[in-house]
Amino acid sequence: QGAAPIKVGILHSLSGTMAISETTLKDVMLMLIEQQNKKGGLLGRKIEAVVVDPASNWPLFAEKARQLITVDKVAAVFGCWTSVSRKSVLPVFEELNSILFYPVQYEGEESSKNVFYTGAAPNQQAIPAVDYLAANEKVQRWVLAGTDYVYPRTTNKILEAYLKSKGVKDEDIMINYTPFGHSDWQNIVAQIKRFGSAGKKTAVVSTINGDANVPFYKELANQGIKATDIPVVAFSVGEEELAGIDTKPLVGHLAAWNYFQSVNTAANRGFIKDWHDFTKNPKRTTNDPMEAHYIGFNMWVKAVQKAGTTDPAKVIDAMIGITVPNLTGGYSAMMPNHHITKPVLIGEVKNDGQFNVVWQTPGTVVANEWSPYLEGSKDLIADWRSPLSCGNFNVKTGKCGGASK
Amino acid sequence: MTRTSTAICLVLVLGGAVALAALNLATAPGSALHVPPYVVSLVGKYLCYAILALAVDLVWGFAGILSLGHAAFFALGGYAMGMYLMRQIGARGVYANPVLPDFMVFLNWQELPWYWHGFDNPLFAMLMVVAVPGLLALVFGWLAFRSRVSGVYLSIITQALTYALLLAFFRNDMGFGGNNGLTDFKDIFGLPLQADATRAGLLVATAVALALCLLLSYGIVTSRFGKVLIAVRDAESRTRFLGYRPENYKLFVWVISAIMAGIGGALYVPQVGIINPSEFAPANSIEAVIWVAVGGRGTLVGAVLGAILVSGGKTYFTGALPEFWLFALGALFILVTLFLPAGIVGALRRRRRTPATVPAPEPAE
Amino acid sequence: MTFLRIFLVLLALLAGPAARAQDDPFAGLASDDFAAVSAAVSALALSGDPQAGAAIAALKADALFAAPDGTLLIRGDDGYVDARTGRKAEDVNEDDLNPVRVNNAVRRAVDAALGSLNLFAADASARARAAEDVFRSHDPAALPALGRALAQERDAGARRVMEQARAAALLNAEDAPEADRLAAVATLRARGDIEASALLGALHDQPPAVATAAAEAREAIARHLRLWSLAQSVFYGLSLGSVLLLAAAGLAITFGVMGVINMAHGEMVMLGAYTTFVVQEAVRGYAPALAAWSLPISVPLAFLVAGGIGIAIERGMIRFLYGRPLETLLATWGLSLVLQQAVRSLFGASNREVSTPDWMSGAAQWGGLTITWNRLTIILFAIVVVAALMAALRYTALGLRMRAVTQNRRMAAAMGIRTPWIDALTFGLGSGVAGIAGVALSQIDNVSPNLGQGYIIDSFMVVVFGGVGNLWGTIVSALTLGIVNKFLEPVAGAVLGKILVLVLLILFIQRKPRGLFPLKGRAVEA
Amino acid sequence: MIARGKSPAELGDTLLYLDNVTVSFDGFRALNALSLVLEHGEMRAVIGPNGAGKTTMMDVITGKTRPDEGEVMFDRTVDLTRLDEPAIAALGIGRKFQKPTVFEPHSVWDNFLLALAGDRRPRFTLWARETAEERDRIEELLVLTRLQEVRHHRAGDLSHGQKQWLEIGMLLAQDPQLLLVDEPVAGMTDAETAQTAELLRAINRTHSVVVVEHDMDFVRALGVKVTVLHEGSVLSEGSIDHVSADPRVVEVYLGR
Amino acid sequence: MLEVRGVDLHYGAAIALRGVSLTAEIGEVTCLLGRNGVGKTSMLRAITGAHPVSRGEILWNGEPVTRLPLYERARRGIAWVPQGRDIFPLLTVRENLETGFAVLPRGQRRLPDEIFELFPVLKSMLRRRGGDLSGGQQQQLAIARALVMKPRLLVLDEPTEGIQPSIIKDIGRVIDLLRGRGDMAILLVEQYFDFARDLAQRLLVMERGDIVLAGRRDQLDEQEVRRRLSV
């Protein structure tokens, strides 16, 4: 020991609207760092977490990112939840050539040299979920309900194109957007009910975000929409969100993730136990973005070991190809597009607030950071290996579009 | 708004900014005197906030209009600048579309909406920076002041205004990038945004803008116009019987103030690198009011001081006490109110004032 | 246990001798394949095995487990029971057990199976519910059971649902005669709700006459429902309005009456919601018998907690700020930050669960109107709270003193009114009412540190739109905003609808610069 | 007394003409078909019981209250009911309120400055500088109102009587054609009252004045025509001796 | 008996009363005279507790009340009719009157008929909002409101201001009547000298924050008093 510790930045909102989701991620990072230190640290040095609070304020994210990198001189940053916060810090990471691990499922359409996306791209979550419903629940009519922002908009665009490519007709798709924090769902739920009464099996694909979910599910329960009638499959509702809801009336509604707390593997059992010990709370839940950080952190550790340094430029190069075990019994690999491979799991809500995994992909799925279902991006690929080293290479024109270095 | 304090403030703002910029550019990164770029952009951001605070103080401190929606003008100025910066990207966006910004491409927009036209021209864009907030303020103010909407009613509709804009800009269909807003700017007036020199230049430009706004405000409030304004603030109906038209007075400062806020926002965007609808959040406007209250309402200099101190405090506390900073900041607000009733500047100045300005608490008034 | 007996008898009746021939009707249940499990459930229901009902019920309750050796075990309050034999199982190694997993398809099969079985329950409402389940599954296999159930049904309500169920099943049967089908369509048309319409819409391979009748019936139902949907929108509006009203009522006191720009109002609401959470946990822990009553218990407690904190705030802070209304904005904003963070530190950042008692869950159907119990309760609750508040202010000596103090503190003191005490009580009352609102909001929204933030803007708008200082205005304003919102929402969408409401509000204030019910006259200018 | 519906030409030297003016508040008639004519250069005293409608009448003239009915003409041609307060003030109608209202945060000096006749538009006041002329005029007013010593005090810190004086001074500073003075001597000592009467008489040489007062000695000292209002209309009119002798006025107002 | 001993009162740095002493006896009307701005109102504020004194002592029936808040003094029988009336503008006339109940035991909370005999106009306006009344009506209401409290020290600040002559006479009669009952001390600030002289047993004249002339009505030289009241 003796050497100065390696600093790692944690950039998650601890106050404001996103604190609900992000606080847990800060905690899990502290746990992972503590565990790594117990194992002797990294390159013979201790790891030290630098926690800041960007307070759900997007420009503050950029400010704090800059502070972490230039003032605290962190080797890597684990952080952000919303896409806008990531967009806000992205130029900072690129300018200062540092590393960000982004652990949340997002809309794709991005690949930066300095960001490692450990959450799901749309094809690692949304499309398999729709396939599941079509195959197993014989769904023919679709409600795409989301909060009005970029992630749901893009996801729904992709899903719409995908469903149409499968022969679903226009009138069998209903798209509905609500504001952030929408709390009065009476009308919309009734509308869904009406839409679902056309005689075809109907399902709701929900990209409703955070706060709005509790009142949404409460209203579903109240109006008596059961999963056996109109199932709802959500991409942003995990164990953490369900902790705030009485799930008895919601049994059978679905969520698509790459991890569920209920997955019964030795790795996961161990992780949950560590988590409970660390938080001294045997009831704390785990969720998908936590697993993403688990994977991301382990990948970073491995890459640093491989590169023999924490110098971001070297670590970035070392990252590609790193493979670590995930918590669901398989391995995740960092691909040249800076996204990771993930299994896709579909879970049904149980009455204890956990999910019952009813389906999963046989292997892992590689992320389509550029969606083949969108006009503008279907010709783009990302590959950060030299000589290509480009986040948005247009295979048609053969050029690395834009200025992304 | 005494002459001396205003002068001191001007010198500090201008001198400080120039010094920081010079130390950033002229010294080597290792040297003891070196000012890191982080500090340059941070101070630049504070000064933008100070412009907003000044704008709030002008209407609140002197015309009695408690605007809980001033950040809307700030954000509109910011969006105008953001649209210019967006157009500057040209084909360097991720989709390499020479005309459409990235967010339009991936949501399958076919052509640039009409209101985006012209923003590739810097002059036009700068005109819009003042025109858009100014026009909105003109229309809104004309309606409200003519109908004699005042007090909390006015405050709440300003809040409704910014909230409505927040929701509107959130909508992807509006064509302003939805929740993500506008980002990924490359350069401004042909200069690369990430260059230290550009940053230092922006800092100095902001300081100059702040100084001009301060001078302008000082000129306004110390003129006879300013006296009428104060009379309007405290006895609006009485001024009417003297033949003054309070609505015109209010409208004038309101529009000036909105334009100032817009300029603040326009300078803010290139320095923080993003503009998105959360800038319209009512909480932001309330924060601006709080800067003014902390610094001292109706003192101009106090607004500048308050904005810098509170934002600086926020920067410091969110880093040093990430889990408890809200306690610190909240307590600061409470303590300032209780112990410095006229704000920091007011407290420094409290000498000749009789307590009639500030009625004694229990049991008197 | 009567239930179980009837159920077993019935199974025997239903199944007949053929089913008994099967070897192990339980075999498919332990499968990993949900389709196989579904099939097994249906088969088991028909098998007539005396243990079938218990096994299916256990499946529904997630209490059926499979051991590695193929034994199926039902987990009960006191240990495990072998599903096949009904005997107590010894030496169960819990670690080896795998729960029999259920998905929606299995659940549907279970519901259908239990539905047919419960048609003979002792309780008429249970029979009606069972018939409703059959209606939804509209499984022709249930027809014989329905026929028998109908033959002995006395209760008119249950009978009606059974007939509808039979109509639904019949239309989906392969061999029903056309006349019966037409009669079935008429029955569904008479039912007249969305479900009936859905069922009719899903029909295929019907004789032409039936298809035409079904289409006509659907149109008739749609016409009928359109009228009701107007009433439905009004209900939604009232319901949203009552939520706004509750959220704003406390503010109408602290801001409307006292003139304190109380930015911490939302946090008082939040504290009320957390009180509800704590009460619920305490009741669960110490007095589970009272579980259904934890909400009513929370009401006075939330009032006391939020009110008490309100009094403390007034004594510690607000009282130094009278005569400086704008400074209260700054101080209470600071306070709201502190309270939010305090709750976050104490309870964690994530949502807390407050469950809905049974008597408040679900919905009643009234014609084409769906009335959800929790919303109805909240509407009534809001009316009671606000009426009590108005009465207290208007007719009690305390109310008079509160108003006197807030209009002219010094003169009120000169009249012998203990102003500090009244100030504290008034602020406490406003905060307490906010706390009560929190109890109601815990039923429909997140119980999180951010709860209050979501309502503060709306609350101020409601109070101002109604006219500051006018409780009656607050009521009308809240309900109007609620209804306008709910009429705009379907037309414009939720986001645009909200924007429109705000713009309308801004324009409205131009016409009425002091709100809906302005205080007029010299009294105001004075 | 006054013929209804006179054409402008017939109004002769009339400055202010109220005809059949009615104002009600929630059904209560504060003014009830009130008619009143004031000549150019005239000073009129208006008296009447509390609540007779005197202040309301001033509210109507200055545009603060819109009458439900009736005509209010100024200078024969201007219909005051169509104008708002600043427009009426700009015509040259100034007012002193019953309850003194001054600009509390401003000094006494600035109160006078703001009241001085002059361009009221923002674009003028923005550039306006205090002229020597203005300074002289304010000094004069300070002497007249005996506020020299408190010239730099906040107006809000003045005693009640001092505010009364300040407001009278502000009214003079406006130099209006018509002065409406609501209870100018309330709270003044007898000596001050006499002086005020003197002052008003002096002003009346060049201005028209309507004075409302309850102090009969003061009204007598003014020596002008008196109008007695009661329940919103004119009860009696004439010299002070005439109206004091009117038994109805004694009954409802003066008392025995 | 009310005794004021050497009271100073400041508004911020400005002094309004300098070591003033006075007494007011029960069963007497004591009248305080003085030009504008000499400190009469300030004196009454000191006595009622509306403004704190910076020095000196105030005794009411021998008990020091100097540090007691307004409402405690009101509960000891001190009622105040302030200059500017301070009507509760949004309360009805009846409610304005009922605010006086706070100092009364529960059984006595009735509006005495005598106030309506004195101010008949109030009777017809019970449901009107106080703030809507005319200036003079408000003044009447302010006096009536003080009487509801059944005070033992009645402090009136220019009660005749803005009131029509006939009612001024009535008010004079009432003050006399109240004094005549012998259980109340009355302290009256007045500019209207004739009114004061007719009512008062003792006269006090203030100048620049101090009492410069004091004595029983019959002992004082009326010309001297008048001189001090003019400029």
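Assorted remarks:
Which chain is which? They are A, B, C, D and E, in the order written, and residues in each are numbered from 1.
Here, a contact is a pair of C-beta atoms (placed from the backbone, for glycine too) under 8 Å apart; a residue touches a chain by one contact, two chains touch by 3 or more.
Here the structure is a predicted model, which is why all the values come from computation and not from measurement.
With contact taken as defined at the outset, chain A and chain C are each touched by B.
Farthest chain from chain D, judged by C-alpha centroids: A.
When each chain is reduced to the average of its Cα atoms, E sits farthest from chain B.
For the pair chain B and chain D, the distance between C-alpha centroids works out to 46 Å. Here the spacing of chain A and chain B, counted between their Cα centres, is 35 Å. The centroid of the Cα atoms in chain A and the matching centroid in chain D are 75 Å apart.
Distance between chain C and chain D, defined via averaged C-alpha coordinates, is recorded as 65 Å. Annotation for chain D: residues touching 2 or more other chains are 25, 157. Among the residues of chain B, those in touch with two or more other chains are 167, 170-171, 237, 323, 326, 354, 356, 362-364. In chain E, the residues that reach two or more other chains under the touch definition are 11, 14, 49-50, 69-71, 132.
Of all the residues in chain B, the ones that touch chain D in their complex are 220, 223-225, 227-228, 230-231, 233-235, 237-245, 248-249, 252, 354, 356-357.
Residues 11, 14, 35-37, 41, 83-84, 121, 128, 132-137, 139-140, 158, 161-170, 191-194, 226, 229-231 of chain E are the ones that touch chain D when the two sit in their complex.
By the touch criterion stated above, chain B contacts chain C in their complex at residues 66, 140, 143-144, 147-150, 152-153, 156-157, 159-161, 163-164, 167-168, 170-171, 237, 282-283, 286, 289-290, 293-294, 297, 323-324, 326-327, 329-334, 336-338, 341, 358-359, 361-365. Residues of chain D touching chain B in their complex: 62, 64, 84-86, 89-90, 94-95, 101-106, 110, 113-115, 120-122, 125-130, 154, 156-157, 170, 174.
Listed in rising order, the residues of chain B touching chain A in the complex are 36-38, 41-42, 45, 89, 91-97, 102-103, 105-108, 167, 170-172, 177-181, 183-186, 194, 272-274, 276, 278-279, 314-315, 318-319, 322-323, 325-326.
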